[in-house]
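You will see chain A twice below: alongside chain B first, and alongside chain C after that.
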Partner chain A sequence: MANSKKRVPMNHVIGFVLSLVMTLVAAWAAIGSDLPVTWIIIGIMILALLQAGVQLFMFMHVTEAESGNGHVPWNMMFHGFALAGIIVAGSLFTMSFGFDHDHGGGGGDHQQHEEQEQQDHSGH
Partner chain B sequence: MAAEELKTGPLEYRTQEGQMGIMGFWIFLGAEVVLFSTLFATYAVLFGRTADAPHPGELFEPGIVLIMTFLLLTSSFTCGLAIHEMRRGSVKGLTIWMAITLALGLGFLGFEIYEFVHYAHEGATIQSSAFWSAFFILAGTHGLHVTLGIGWAILLLIQIKQRGLTNVTSRKFFIISLYWHFLDVIWIFIFTSVYLIGMVI
Partner chain C sequence: MHITDILVTGEPIIYGAMVSMALVGIALFFLLTYFKKWGWLWREWLTTVDHKKIGVMYILSALLMLFRGGVDAMMMRVQLAFPDLGFLNSQHYNEIFTTHGTIMIIFMAMPFLIGLMNIIVPLQIGARDFAFPYLNALSFWSFFFGMALFNISFVIGGSPDAGWTSYTPLSGAAMSPGPGQNFYLMGLQLSGIGTLATGINLMVTILKMRAPGMKLFHMPIFTWSTLVTCFIIVFAFPILTVALALLTIDRIFGSQFFTLTGEGLPMMWANLFWMWGHPEVYIVILPAFGIFSEVIATFAKKRLFGYNVMVWSMIVIALLSFLVWVHHFFTMGAGAFVNSVFSISTMLIAVPTGVKIFNWLATLYKSKIEFTVPMLWSLAFIPSFILGGVTGVMLGMAAADYQFHNSYFLIAHFHYVLIAGTVFACFAGLVFWYPKMFGHKMNERLGKWAFWLFFFGFHVCFFPQYFLGLDGMPRRLFITNVVEWLPLNVISTVGAFGMGLGFIVFVYNVYYSFRYSERETTGDSWNGNGRTLEWATTTPVPYYNFATVPYVDEIDPYVRMKEEGKTTFEESKVKPIHMPSYTGQPFIMMAFLGLASFGLVFEWMYVAVFGLLGGVVMMIRRSFDYDDGYYVPVEEIKRTEKKARGL
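On to the complex of A and B.
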């Protein structure tokens, strides 16, 4: 490999700086910005995926010729992440969407809960 | 694929055994992604179900989480440098960068243990609610992986001191570097979807 002779591996340095910048941007978006919550969540999830890409391609040698140009690594990671997306989105879809647990049950039931909670709190 | 040893290219890829070992580890990493996805899914479904325990928004602090993230990001970078040195044939460079990686990993673990103890003092324990169970299992499984990785790397450092760089030891170091970078990938998603989203909502 030609680039393994170099003293400083530039692609690692670039990858490191990129991940630091993306972490700071994500933290700023979540803590410091006034963007709508939905956009923050979409934005920081995209940043997370990009950072995972930096790790895989710049640090983990996914595409180097010796590993068969990354045929197996790429397939493992792609299908792993595809399954992960299906499992997380599918669980949320079946378990959470359409049910707001903060206001679960019927209206009367809800009020009863609240009354009970208030009693609990005054009891402390 | 040649059964005999190749004369060029990185040491770890020169034998078929080395190539197969690395390929097998990628399959393991694919399975690890799916393992963590089930924990992420559980966490996402149980989000907000804190019962009487404190809300995540009250406990999560940006400062300590950012320090942990930077520690792990930097350790992933130094781990990459260690493999770079290994491919230049430098045992010394490999050992030094790997030791720095482990020190950063230990720093990360220290902060995580401090964080967990702090949460427990505030009343958020693994028994306190469904949400905190899911949180501690997700973050704790990652922390356990980091702990295992540190122990594994220490054993490899002892081995390389005894045997030097061979096809076998360089394959082992290459594989632990994949493992370490992978832990950083998982942490990025914990940082984003647990801590940042927990502070936003």
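On to the complex of A and C.
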């Protein structure tokens, strides 16, 4: 191992505890709290972003220096974001069934997004 | 709870299966005890981290699953050819087509290819093992316990019966109560961990552990196909993991992700499933393309035509594979615009695939072809696969798909691509690299018998199914006594038994070759036609693979090495080799997680929690495991190499 001098990686321990705490808070918000739905969703989204931050900065290699092939973590994150984009935008596009009553003609992803929300409540 | 509550009762076929499983189990136990092989089994196999041995275990499991899935297939064919016989009832038929599909994709095709990758990829790039050998063992055991869990379903608790696609709401708790569907979810989830880990493991191995001088565009084409496949695995499998987890939570803990009650979206399952499912079919076909490329180049005795184009077309296929998933459910009822988008992206895939076909033909053009068994499989692949590909484009036309959807036309199409593509490749690859694994070749004459039986059986079985589909026969139907369908169904069943016969000859050939085949004396087994580094090692391959790793700065480096008389053993350059230690931890960890999955299947929470805790304890143990492996001394390397090379 490269840095076997440091037996207890404090960074990882703190990160692990933080991510567990945030998960529990999110679970409590969804199951145990009496907050209004909008606030639960906003709260969980914020926790998700913080969670991603903890993962990226305390466990992954975002802080790593640039190597011969550019900044590798950023390259990989680009692929990840591209895939997430395909999954989210693609699902919204598909599950909207392409029926857009409110906008004339084929819209972009943002329009599809709005349609999807309306579809969810009225479509089926 | 009494034992008879969870055993499946009342089916003579299943009683027969139980008895035969018990007999095989007792026989194995007796043989291992009688020959005192328990210690050998533990030391040499269950605790191994050697990529070659893990690969062999993958392939053995895959052959076993090919048998199981094949028996399922033949039972279905008997039912369809003689619908009035009452051979299977509808429930049993549903269970059989579900397990057939799931087993063939998840527990046969993938482990077969991953097994070949395990053995061959490190040898092709000049590596001594995987980047993470411990994780590799973990992957295998997670696959193995997932497979075991899925397979016991038909004697304990009842098999899943909602199709291999497991569409909601049918597969939800309301419409499929009981443990059957849970077996599907937990079996796939458990083995999925292994697949994802293997994807990462091989990706790191290929990116970081290549021989000195070997650039990405010097890599053998099979290694390239593996790398591209790994990217697809790493990006696609998390989608399946999430979808399975959501459905598990739906079924076991009563949430409503995929049910209309509670504002869930049943079609979201189909959407997520195929977002994984379409890349999945490329996970099983790209390595097959890699194998065919290697075999064709070797026995055409030429460099692969258009190497760079071959690589780029695989990369393009991989990208497109994430953009076509909706073509699996055009008939969901999405509007014309949605379906058109996916129709066009689907047809685009035919372009890079066509490029590959022409490159194989160009490699064969004006070459001196040697008709060995692996080459026969590869040559048979080209026209057979084209039949599957062309009908795929037909299915890709959204408007026409409303006619073809879920008919036997579709069944014929995907068996044409999956069998002529993946299964032919598995056989070709296994026969091709067999001498590297076991030190002797498979018998050519028996191999040709197996090939011709399987090849004709395959076409007789599936070609009529196109016409059954056009005659309107739907899939997953167990009563088919319609006059126009019967003759074609009977022909198809005859073909299925031909394939079964081919498989039996193949398995007999394994035994026959073990007994009678000549042992290999050189590493370059196919008349000195090897082109890539795996043929530069001795046979049997020493556990450290390469005594000295050659410098590589071209495609097909072994061709020049042979001209210049170089080997992978340059005595003056031998240094101690760092190797990983064997460990039983992966086996034990995954046994615990297998137990946890079994508990979840029956919703016995104490068992599940106990298994999960056991798994966590094993992970903590691993975190404090400072075993850095050992060094093979120079003396031992020299002794091994001199013996193997007859120096």
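Just so we're on the same page, the second predicted complex is superposed on the first by the 62 of 124 C-alpha atoms of A that agree within 3 Å, B and C clash if a C-alpha of one lies under 4 Å from a C-alpha of the other, contacts with A are read in each partner's own complex, and residues count from 1 in each chain.
Please note the rule applied: contacts are C-beta pairs under 8 Å (C-beta built on N, C-alpha and C of every residue); 3 or more make two chains touch, one makes a residue touch a chain.
Just so you know, these numbers come straight off a predicted model, no measurement behind them.
> Of the two partner chains, chain B (first) and chain C (second), which one does A:I40 touch, if any: first, second, both, or neither?
Only chain B; A:I40 stays clear of chain C.
> Have a look at where A:Q51 lands relative to chain B and chain C in the superposition and call it first, second, both or neither.
A:Q51 contacts chain B only, not chain C.
> By the touch definition at the top of the document, which applies to A:F97: first (chain B), second (chain C), both, or neither?
second
> Of chain B and chain C, which one contacts the greater number of residues in chain A?
Of chain B and chain C, more residues of chain A lie in contact with B.
> What part of chain A is shared between its chain B contacts and its chain C contacts?
1, 4, 79, 83, 87, 90-91, 95-96
> Which residues of chain B touch chain A once you look at their complex with the stated criterion?
Contacts found on chain B: 9-10, 13, 19, 22-23, 26-27, 29-34, 36-38, 40-42, 44-45, 48-49, 62, 66, 69-70, 73-74, 76-77, 79-81, 84, 87-88, 177-178, 181-182, 184-185, 188-189, 191-193, 196-197, 199-201.
> Can you name the residues of chain A that touch chain B in the complex?
1, 4-5, 9, 12, 15-16, 19-20, 23, 26-27, 29-31, 37, 40-41, 44-45, 47-48, 51-52, 55-56, 58-60, 66-67, 72-73, 76-77, 79-81, 83-85, 87-88, 90-92, 95-96, 101-102
> Taking the complex as given, what residues does chain A use to touch chain C?
1, 4, 79, 83, 86-87, 90-91, 93-99, 106, 120-121, 124
> Please give the residue numbers of chain C that touch chain A in the complex, ascending.
235, 239, 260, 263, 265, 267-268, 271-272, 275, 322-323, 325-326, 332-339, 341, 626, 628
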